[in-house]
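Structure first, then comments.
Labels for the chains are A, B, C and D, by order of writing; each one numbers its residues from 1.
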Amino acid sequence: MSKYASVKEEAFEANMQLPALGLVVFTFGNVSVADHQNGVFAIKPSGVPYEELSADKMVILDFEGKIVEGDLRPSSDTNTHAVLYKNWENIGGIVHTHSTYATAWAQANRNIPIYGTTHADHSTSDIPCAPPMSDEMIKGDYEYQTGFQIINCLQESSISYQEIEMVLVGNHAPFTWGATAKKAVYNAKVLEEIARMAYLTEQINPSALRLKDALINKHFERKHGPNSYYGQ
Amino acid sequence: MSKYASVKEEAFEANMQLPALGLVVFTFGNVSVADHQNGVFAIKPSGVPYEELSADKMVILDFEGKIVEGDLRPSSDTNTHAVLYKNWENIGGIVHTHSTYATAWAQANRNIPIYGTTHADHSTSDIPCAPPMSDEMIKGDYEYQTGFQIINCLQESSISYQEIEMVLVGNHAPFTWGATAKKAVYNAKVLEEIARMAYLTEQINPSALRLKDALINKHFERKHGPNSYYGQ
Amino acid sequence: MSKYASVKEEAFEANMQLPALGLVVFTFGNVSVADHQNGVFAIKPSGVPYEELSADKMVILDFEGKIVEGDLRPSSDTNTHAVLYKNWENIGGIVHTHSTYATAWAQANRNIPIYGTTHADHSTSDIPCAPPMSDEMIKGDYEYQTGFQIINCLQESSISYQEIEMVLVGNHAPFTWGATAKKAVYNAKVLEEIARMAYLTEQINPSALRLKDALINKHFERKHGPNSYYGQ
Amino acid sequence: MSKYASVKEEAFEANMQLPALGLVVFTFGNVSVADHQNGVFAIKPSGVPYEELSADKMVILDFEGKIVEGDLRPSSDTNTHAVLYKNWENIGGIVHTHSTYATAWAQANRNIPIYGTTHADHSTSDIPCAPPMSDEMIKGDYEYQTGFQIINCLQESSISYQEIEMVLVGNHAPFTWGATAKKAVYNAKVLEEIARMAYLTEQINPSALRLKDALINKHFERKHGPNSYYGQ
């Protein structure tokens, strides 16, 4: 039995949540799970339909993006995952989807403004949209550079990857992450719902204002602060 | 067996209606049920996924928001429910959701105009949107103040809580109530549908007019007036 | 066994199609079926949830709206159905819903422009929206007058009820009809889809043009003309 | 047993995917499968509901549109399929739907701009919208001319039918194709999703820019180029 059996099983289950939550059509998404102790992560094989997926089809790679175990070719976005795991040592899972509303904001090249408490329950800032990369970077190692595009975007917004667990890549689609793959999948669904609500908010009131700071802080603190009182 | 067994069961069943009606994702909502004879209400525990919910996990509190029975922490919105029960003696259930369209109107900080008979079947006025509270109130007992924000909003609009059973809290999300929890859940779904139709109405005709008074009165009377002829 | 057993069964089955096709929430709709031989029609009882419906609960009325058989109160819209059956002798079924997109157009008080062949497959004209009736008519026999509002709307547009089988009642919602209840239900779903597509068409191109006459005629003729070649 | 049994079975299965993928209501769509060796194709019979469909009901025609086998009348769009098979020798399947968002773009008479990588994964150009044909052509052999309308549209855009496998017919609806019927159905779903995302993108940012060339090429190449690394 593979020493990576449990991380493969976790990756399989998290990947299967994407169609269950309505976040993907066909094969437009992937989830990975990190095993920091062994310095590897498990990721969905490329282009395999969800209904044909199983735990043993997951591919194991190190944080340089080198295959360690697995017969199938890994997701074409694998190097983006590798870069994020290598640079953000505390994340346990990463999700990439082309979910409809989040992708529409990415295609619009706009940050998602924080318009309400649903957003504030999960982040104190707008959801940043990383600008499209330069032509030279695209022609180089594109997926690798996408990882740095995400890292740079957060740095320029002065937000740590622990404060916000979701980002849009301009003209492309969203990435989310978290302490576990389960949390990263949760974030992918939350982001889609936030993106949908923000779109509708602007349609209903084109001059809608961002949430004021006192409410942003209150809602984030009650869920994530030292005196949080949400959850068990 | 707990003397609150039946109110817990009722709260459990009403809470389970929220995902069934498509009004919540994850744990974004809660229903409570009042037992006015015993001066208590049952409410969903905080952050527990709907699929893990059961009647015995419901928390019993008095109308001051003090826990009377239950091992779990109650919904973070509990004090809002407590204030409403204490001040509105005739309501038997309260629902809070972040349903998509109603929340978008709340984020837009707009009342929902009464555009048609679907709305008039349930209310003779626009659905009011309570303004965001002052920073001082937010920093104080936030959920408690949310209750008063709702009560004040109705008073300023000169509407009684028996005439309208739904409200938006600006930048936040909707609350609905009713003589029973079942009716409050019904109102939450109706509000979501009214919110969606009003949004589409304005997109189709940006200068759409509110329903005229004769139609408002006719539709409300035929469902709720002394000579009503809707239902059995 | 009631002599109306078969018309009741047909009405029951047609009513159950409304939630199955996503055209109603709760009790927001009703279907009736005419039995012209006996001069009666069967209609859904008022306010009874679809999951509690059965064929024997259908109410039988004559074309004056007088109850002939049944213990329950008929749909509050019954008189609208009665007027249409009395005046349009060739229709076998009528459907009333508050389906989302069709109702939004009704609330916007706009005819639905004929933008494409999906629409032309079912009608050669825009879907007319009857204007809201005068205050005096509303205060009188409202549902009875709604029937005449529909009849007058078609007459003023010079369209016969056989050429078009769907209409919007301004500020209210759609009515559809057909040779059978099954056809009327089909029309209710088609109208909802046409309404949705027309809304999106205008969002995508605010200066979209109506379909040109040659295409309107071609599509209607191939489905309904003397040399039709659609269907078996 | 018919020598066309396997192509009929394939056509049946591909047709049943349309309602499963949410691309059709009632009978608003059809799939055909070519058997180039025998110079025929199998297509859905006209107006038969999907729940009554079976493999033996499929109609076999040659590429002139003449029936070779089958008791039922073929889809009214059959001649469009015939023209495409006759002129494009490498396609194995064709799909026609009235899917909501793609049809709305067709009714708006607009090409779908390439706004993101979801689009670029499938095409390097905007999805072209063929202009409505002249009145004379409509009055002639309409479905036959629709086929030429599609062929001419691609020629005028200097795109081969192998580079792009989807098109809109102005005021009408989409057609897609592929090496197999399964691929053509896949393309129909992808087109609907691209159409929906592009609509939302313009609502969120009315001055959204088309994807830049470097990204278009990168995404298309990684999925379809000589050094592609998507899929197995």
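For the reader, a short list of remarks on this structure follows.
Here is the rule we use: a contact is a pair of C-beta atoms (placed from the backbone, for glycine too) under 8 Å apart; a residue touches a chain by one contact, two chains touch by 3 or more.
These figures come from a predicted structure and were not determined experimentally.
Common neighbours of chain C and chain D, by the contact definition above: there are none.
Seen from the C-alpha centroid of chain B, the farthest chain centroid is that of D. Where chain A touches chain D, under half of the residue numbers in use are shared by the two copies, so each contributes mostly different positions. Distance from the chain B centre to the chain D centre is 46 Å, each centre being the mean of its Cα atoms.
Remark: chain B and chain C have CA centroids separated by 33 Å (rounded to whole angstrom). Looking at chain A, one finds that residues 203 touch two or more other chains. Across the assembly, chains come into contact as A-B, A-D, B-C, C-D. By the touch criterion stated above, chain A contacts chain B in their complex at residues 115-118, 186, 189-190, 193, 196-198, 200-201, 203-205, 208-209, 211-212, 214-215, 218, 222-223, 229-232.
Note for the complex: chain C touches chain B at residues 25-26, 28, 45-48, 72-73, 76, 98, 100-101, 103-110, 132, 135, 138-139, 142, 171-173, 199, 202-203.
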